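Below, subunit A partners subunit B and then partners subunit C, in two separate complexes.
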Partner chain A sequence: MFEIFAYIARGAGWTIVMTFGSAAIGIVLGLPLLVLAESKFALIRGIYNSIVHVIRGVPTLVWLFISFFGVGQLGITLSPVTASLLTLSIIATAYMSEIYRGGMKAIPAGQWEAAGALNLDRWSTLRFVIGPQLFRAVSPSVATQIIGLLKDSALVSTIGVADLVFRAGIMTQYHAHGLYMFGIAGAVYLLLSLPIAVFSRTVHTRITRRYAVA
Partner chain B sequence: MNDFAWLYDWPQYIPDLLPGLWVAIAMTCVSCLFGYVLGFFLALLVEAPSKLVSYSALVVVELGRGIPILVLLFLFYQGLPQLGVLLAPYPAAVAALTFSAAGYSSEMIRAGLGAVPKGQSEAANSLSMSVVDTYRFIVIPQAARISIPPLVNLTIIIFQATSLATVITVPEIMQQAGIIGSATFEYMSVYTAAAVLYLCITIPGAALSGYLEERMGTPKQRSKKQAIKALLPAAGKLRTAEERQLTN
Partner chain C sequence: MSISHLSPNSSALEEGAPAMEGSFVSAVQLTKQFGEHKAVNDVSLDVAKGEVISIIGPSGAGKSSLIRCLNLLEVPSSGRLRIGDATVDFDTGTPSKASVRNLRNYTGMVFQSFNLFPHFTALKNVTLPQMRVHRRSKAEAEERAMQELKRVGLESKAGAYPAQCSGGQQQRIAIARALAMDPQLMLFDEPTSGLDPEIGAEILQVMRKLASDNMTMLVVTHEMEFARHVSNQVAVMVEGSIIEQGPPEQIMTAPNNIRTQKFLSAVLGR
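Here is the complex of A and B:
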């Protein structure tokens, strides 16, 4: 019994790599996309909007299959791990940049104007005035998104990455008792999402305390 | 082989995938219908005065929200036989999606119910309305304003999640695409066609939810001037009369 549990739980490794790898890439790459989202030119905003809508409108499974089977057919063979990390990262980037855009809307225009009145340059405005407030505004949504990514990472088992679900499936084929096997996998997902929720709450309260609402 | 053929030959696969689209839409409708009704009752149970009832409802909600839908699908399809319950792929997929939809929707419905001021139901109570009437005529209409936009969003998410049902062999879009793909090896074209089919539903859906959010979401703060204008319908006319006098 313990061996089975250990076998399934070892799949948490890939689940964690997929979740946090794509989350980290999404959190970083989402920021430069803000430049496109907030561009002065309607054309650039239109391009950004259509890309984000297409990425978010197609189910993750379809993107995974396109990048694994479809791109493979075009002669670029990606390993399951590369294909899934790539796909999840692109999807995470689209979601994160939408979250950032929502956060920017929450910052009053007076903050930009005040920074301008204090003769702060663009970099200082972003770094000391807008950045902390943006961070405060988006941190709960980012945490929710990371938990969403954790659950989306279950899909990588369909293209053969040995994560929790994949291993639970193998154990079901060996020993039957699917309820136990997938129950273990589900429990590990719940356990993994707990620390993310707790960590995000502590971070959020700390930021709120440090940068009190003006 | 022409590497770029998929850019123009994907539309030929759309007719073969259409039966899958109907299956996906049917699954979405059934599981959202059951899921939202279940979610509503779960929301009421979570708010119940009894600690035992409220905590057990909360556990059900958190299981629905916290476990990936893929795991739920396997639990219902490959797990329940352990208890002697053999479900066909289609009911198993609907059950898993319903469970997930119930968990997510109950939080959204709870947020809507919580946003209705307590005085509303107290006032209904003092008019000696029954509990059912209070909910039917006072609380739900006000809560719906807040809950409906996220629920429309959730419906789109559930529609996208029907793609996962392919792993338990439900003949929806991805299953059809997989069958065609393995027969023709034109994976890129077939999956592009599948992606386009999903977009045909999700993009109008996203537009609808954006519209509803603007229309029904929390009412925007009006300026004092607008509020006064709305209160005194004659105010506009009076002022124009005054102005006319002044200009005369």
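Here is the complex of A and C:
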């Protein structure tokens, strides 16, 4: 009994790698994309918008199959892990940069103007004025997005990455008891989402304590 | 006070009279266009060191646009601007980063909406720009910040976040933040408009003190009492142009321009 549980739970390794790997990449790469999203050139904004639209408009599962089965036809063979991480990272990046874009809109123009009037250079303005406010504005959405990635990561089982779902599937094939096997997988997902939710809540209360007075 | 200010006739200004010797700020034929609309239309303005000029006029006249042109929050479409030793010519393309920086080094600005950084305490609001722009050490910047907070009567709020301060307190912190940067020209864009009259009076008191300390100030305001009793000059702006400029008494009691008369009778209710 415990062996079965342990076998499935070990799938959490790949689930965590897929979720937090792609989240980390998305959180970082989403930032430079913001430069394109906010470009003063309509053409660059147009290109950015189309790319993001295409990435978000096609189901994750389809992207996963394209990068695993489809790209192989072009002569590049990706391992299941590489294909999965690549796909989830690209999708995460598109979502994160859209979250950042929304967060930027929430920062009043007066903040940029005050920084400009005080003669702060661009880097100081971003680093000390805009960045911290952006972080506070987006952290709830980023947390929600990470939980979304956690759930989406279950799709990687379809191309053979031995994550929670994959292992629960194998145990079901051997022993039946699908309810029990996938119940274990589901419980581990919940467990993994817990720290993300707690982190988000903590950040949120720390902010509101300061901001919302008066 | 320069001669051109004394002239109640604004035509000399509109033709872009050359900057007067000794003027500290000299704007020549500034125009700011938004699309087809000229928010600022060929405005020339000289300000002597230590002078306080109030800019009054109806809503949409271009008062904010004009003073935002002076620190380049709006880049004028054409014209020339000199503050102290910093000069920018807008007819020859967009100003370089260095010239923007030089010009802004002379100016401080106070906004209607305060625009404090909400994630910093009052002290950090006043300290951080000094450290980043003037490379002051933390200790130096904090010492200066406390002086300025004291000057606006808010040392006790040093550790408070903007959200923990009233509107009037926030505006005074914003003034302290600007002053700590050693500006030689202070720009105020309706600093009291968002506040209750009694609270606005606190701000006006701070500004009055600043004026008596010889700060050069350009003040967009609806406070006719302030315009009349604190400023050396009142400029009346209508539809993008300064239609009349002169000593407050003259503008308030014997305006030459019919549109000034109409505006004043509307705001003063007489």
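We adopt the following convention: the second predicted complex is superposed on the first by the 205 of 214 C-alpha atoms of A that agree within 3 Å, B and C clash if a C-alpha of one lies under 4 Å from a C-alpha of the other, contacts with A are read in each partner's own complex, and residues count from 1 in each chain.
To be clear about the criterion, a contact is a pair of C-beta atoms (placed from the backbone, for glycine too) under 8 Å apart; a residue touches a chain by one contact, two chains touch by 3 or more.
All of these numbers come straight from a predicted model, not from anything done at the bench.
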Partner contacting more residues of subunit A (subunit B vs subunit C) | B
Is A:L118 contacted by the first partner subunit B, the second partner subunit C, both or neither?
-> second
A:V165 contacts which: subunit B (first), subunit C (second), both, neither?
-> first
A:F65 contacts which: subunit B (first), subunit C (second), both, neither?
-> first
Subunit B versus subunit C as contact partner of A:G110, first or second or both or neither | second
Now for A:G178: first (subunit B), second (subunit C), both, or neither, which partner does it touch?
-> first
Is A:P132 touching the first partner subunit B, the second partner subunit C, both, or neither of them?
-> second
Common interface positions of subunit A, toward subunit B and toward subunit C | none
If you look only at subunit A, which of its residues touch subunit B in the complex?
-> 53-54, 56-63, 65-66, 69-75, 150-152, 154-155, 157-158, 164-165, 168-169, 172, 176-183, 185-186, 189-190, 193
Please name which positions on subunit C make contact with subunit A in the complex.
-> 71-73, 101, 104-105, 107-109, 111, 113-119, 128-129, 132-133, 161, 163-166, 174, 177-178, 181, 187
Inside the complex, what are the residues of subunit A that reach subunit C?
-> 108, 110-111, 113-114, 116-121, 124, 128-129, 132-133, 136, 210-214
Subunit A-facing residues of subunit B, complex = 3, 6, 62-63, 66-72, 74-75, 77-83, 160-161, 163-164, 166-167, 174, 177-178, 181, 185-188, 191-192, 194-195, 198-199, 202-203, 206
